[in-house]
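Working notes for the structure below.
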Amino acid sequence: MYKYVIKRILLMIPILLGITLIVFFIMSLTPGDPGRMILGQGATQEAVDKLNDEFGFYDPLPLKFGNYIIDILKGDFGVSYRTQRPVFDDLMVRLPTTLKLVILSLLIGTIIGIPIGILSAVKQYSALDVFSTFFALLIASIPTFWLGFMLIILFSLNLEILPSTGLESWKGYIMPVGIMAIGQAASLIRLTRSSMLEVIRQDYIRTARAKGVYEKIIVFKHSLRNALIPIVTVVGMSFARGLGGTLIIEKVFAIQGVGTFMFDAIGTKDIPVVMAGVIFLAAIFSLCNLIVDLLYGYLDPRIKAQYSK
Amino acid sequence: MNMRKMFANFLIITMLFSVLSGCGGKTENGVPVNEQNAEQKREDVVLGVRGEPLGFDPTQTGDGFSNTVELQLFDGLVQYDENRNIVGNLATDWNISDDGLVYTFDLKEGVKFHDGTELTAEDVKYSLDLAKESPFTSSLNKMESITVLDPYKVEIKLKEPYVIFLEKLCRPDGAGIISKNARESAGAEAFYENPVGTGPYVIKEWERGSKVILERFEDYHWGAAPIKEAVFRFLPEPTTATIAVESGEVDFTDNISAADIPAIDKEKVSIYESPSFHFNYLVLNTNKEPLNNVKVRQAIAHAIDKDSVAISALEGYATVVDSVVRKDAEGYSDSIEYRQYDVDKAKELLKEAGYEDGFKLQILITEGYSNKIAEMVQANLKEINIDVSIQSIESSAFIQDMVDGKHEMGWFAVDNSTTDASQVSTMLETGEMYNLSYYSNTQLDEALHVLNSSINPKERNPKAELVQKIVNDEVPIIPLFWRDDIFLANKQLKNVEELFVQFNVYKLSW
Amino acid sequence: MSEKILEIDNLTVRYKSGNADVHAVNGISISLEKGKTVGIVGETGAGKTTTSLSIMNLLPERTGRIDSGTIKFKGKEILDMDYETIRSIRGKEISMIFQDPMTSLNPIFTVHEQLSEAVRMHSNLSKEDIDTKVKNVLNMVGISENRMNNFPHEFSGGMKQRVVIAMALINEPELLIADEPTTALDVTIQAQVLDLMKNLKRALNTSMILITHDLGVVSEMCDEVAIMYAGQIVEYGSLRDIYKGDKHHPYTVGLFGSIPNIKDKSKRLKPISGLLPDPTKLPVGCYFQDRCPHVMDKCRTIHPKYYINDNHKILCHLFEEDKHGQ
């Protein structure tokens, strides 16, 4: 088992390297340069060229890439072209905000979504099942951007009970986390329902019932633990995706998180930030992948056996 | 659970909701507070801006957001009054040599920096020396040298005459005077975040990603500001900012989206508008056929309904112009017969040019309202058989393509913080990087040269007239409009209009 | 007459389905004496599994419907029992073994856990006592104690079925229902498992219902046989009646005829032509009419009644005149 873990961790390295290379290459193909971005339209070409040169912008591509990798290995992710501060510091300022949003919404979404999904499956075709499936589909179809502004107009403008922007007080969290949580809940309801339904159909559930096992135990011990396997994957990867996917929420509610950090950097061709952001997100993704796979092994002994081969 | 029970629950929840919506009062800074005592006047103001500053050193920052805050922290040698006339700030008096190359300033005595030390000519020299070399303040690179004549007298020599030099000195976000002592002892990096100037405000707290809080400098040389605390909140989305003002969380914002205006509740907020320095025009690439034919260009000029374009793009929050020089600017000529919207004339001209059946034309635009402009132009030109295809690309690629001359027709805009006629040279002088029409006319070049080097109105005005005539005759560009600045503010906030001159929180009060 | 442990009387079971209902069981009656084994034989789809599920009221909740009939276990009516009563019977007084050992065990729990659970659901024994029981039953089915904490996937098919049997027997039930317990196993393992079951039955005096389509298995294990066709018992009798008797339902004849016989010189098997009738649209008259070599006009309009001779019942018009044994 340990061999498996180590193998996976080692595998992360070529993956991250590959991703870095691809993004680096793509960024180099896009037009625009940092000098012009920072100094603006009015600056002279000489000033722009000088600044670009300082940034090493005119170095040949392989050299640029090589230097970059060497710096990373030293732990130096470079300095943002725009803010002149170490990228790492800027990222760390924004990370807690995004983390709070993602973790809270994931937690709430899971607490709402999974039980409703279980109930829907156990009481298939009941009124609850029909309502919740419909509701889940509805939420999944509504664009976040639109929902965000609609809620702001309702709660901030008309009812005046929630702030429209920022995370000053706990009230500021309600709408952004709410929207994200409902989205999570919606997809979890559908997933839990279908996963549970599949498990409930299995022969071993019938065996358990024939053994005289109490219904509650059949649902929670026998069925749920088996049904959890795909759910765990989705939740784990939701976390990873969430870290980089809060852009729209951040824009609507004027929250400074990792999403806007990266998006704005792409627009200003702030290459160090883009690269660092991509590497960071890719690393988190791979790590989440690994953790989810390990959890799999813990939940399903057949998978664990495969890992030990 | 059966259907009836569920419906009952649903009703209960809905009723609870309605009850809750009756509660809650006004919010301030996102945190609900009790109703303000009507007699107690507020001493703070919350301003919503579109982005976050990078730092607060005027010689090391060029972005609008840093500049906005710097305007509150520093003073320039001169400043604008409410009518945009230039009056003294840190300088009490000045003299300009006849050749326009030497400016001599007498400095005010007893001006205190934020750290309590006094301003002297050394600080002025130090600040302007930095500005001279900085890529962020390239317009000030025209200074050749700054000399201290005595502790309260400074002499600035220019490399060449610069008509709008004094206007540039009105900008503390570029030409702001900083404390030599503070910057030298703390070091440039520390000063970047902890500036020391003479301005009406100091930085109290900078919460990255959220806001920067300024508090008033009690010993400000023009008297302490009416507003004790100014909070700049970073709200990137214009719609979000608009809603925040309406809900009372924010007292003021600028740069909102014109499209949001019709929906705003005019009972709750005040809307202010004023022409800005943002000049929008259409570029005609004279290197491409058939735009190389002057009659074709003239025809196009007559075919465009500028009023419709302005309404479509900015809900009419713009000042439409005929001439490349604005009506209220020095040198505007009203004796020229500027081309008007006249479809018949346009058709006639096209016929004369031999393009009666029209042709295909591409217009290059980028993100934002230029899309609406292009759509209107497309509709207008259809009337004279010109088939316009709209190509929209991302902003940095857009600028690159225009500079490379890949466009046929294009939209463009400049903002040089001035309406002075000399700025036409950036658009149309031979060889200029942003001469996107690739137009070359020696007469025009010569006139522009005079406009840029002379400060004598008697010399300049005839040349300005000539420039306007040539542009109107030859139509290398088609002037469209000057965009309006729009401010949205709490109804009780006073003197908001003064912020159109310059974003000085010092002028605001309740 | 010894005591009857199970009495099924005129049981009818239907599966509800959107378009048309499936009539799976159409009036069957079985009477089982304590200690005896009855074999239920028939093709796939004859209604054997449905019958066995009904006994413990394990039909799928939403679709399964018992339309009529009674099921008495030790004199008490199963269909009237409340949830807790029947739950306590399941796995303790009546146990069931299902067909496919590969999917009958929960993959994420150890064998020890699944066996102890069976005990825990019906008693308050201490951990040590439960442990002892588990070890004993594993020994009984011939699985080493050391494998107690293995997971199902670590066992072969035959061993898995032994675990299933162990799980069914750990609480020493009075009635064991085995639904095709050896069908999914290969022949050598089949023999082992059958032997095991025989020995256990003898040791614990368990009554058994054995469902199979394999006549060979029936002859080894059963005291009585019920031949099922289209949800009905078309012939019922003692092992002797069915195997050695001279009167048979045509379907039974067909079944026996389709068994390969090594002594037979013929080159082809003699299967029964045709298929079971559509359970959503059962015909008027005898359900076997389309496949019966002796079909008469009467068969197509009137449903046959039972011809009874002692304990041998045959559901066929052919024996009408012999109604009372003549």
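A, B and C are the chain letters, set down in written order, and residue numbers restart from 1 in every chain.
As a working rule, contacts are C-beta pairs under 8 Å (C-beta built on N, C-alpha and C of every residue); 3 or more make two chains touch, one makes a residue touch a chain.
Note that this is a predicted model, so its numbers are computed, not measured.
Undergrad: Just tell me the minimum hop count from chain A to chain C, counting one hop per pair of touching chains.
TA: Between chain A and chain C, the shortest chain-hopping route counts 1.
Undergrad: Closest chain to the protein CA centroid?
TA: If one averages C-alpha positions chain by chain, the most central is A.
Undergrad: Distance-wise, how many Å sit between the C-alpha centres of chain A and chain C, to the nearest whole number?
TA: 53
Undergrad: When the centre of a chain is set as the mean of its C-alpha atoms, what distance in Å lies between chain B and chain C?
TA: A distance of 88 Å separates the two centres.
Undergrad: Could you work out how far the Cα centre of chain A sits from that of chain B, in whole Å?
TA: 38
Undergrad: Which part of chain B faces chain A closely enough to touch in the complex?
TA: It comes out as residues 1-3, 6, 20-21, 23-27, 29-32, 52, 54-55, 62-63, 135-136, 138-139, 141, 192, 208-210, 233-237, 239-241, 243-244, 246-249, 395-397, 399-401, 414, 416, 433-434.
Undergrad: Mind pulling up the chain A residues that touch chain B in the complex?
TA: 30-32, 36-45, 47-48, 50-51, 82-84, 93-94, 97, 126-128, 131, 149, 152-153, 156-161, 163-169, 171-172, 251-254, 256, 260, 267, 269
Undergrad: Which residues of chain C touch chain A in the complex?
TA: So the residues of chain C touching chain A come out as 56, 58, 62, 87-92, 95-96, 98, 100, 103-108, 117-118, 121-122, 151, 153-154, 164, 167.
Undergrad: So in the complex, the part of chain A that touches chain C is made up of which residues?
TA: Where chain A meets chain C, its residues are 124-125, 202-204, 206-214, 222, 225-226, 299-302, 305.
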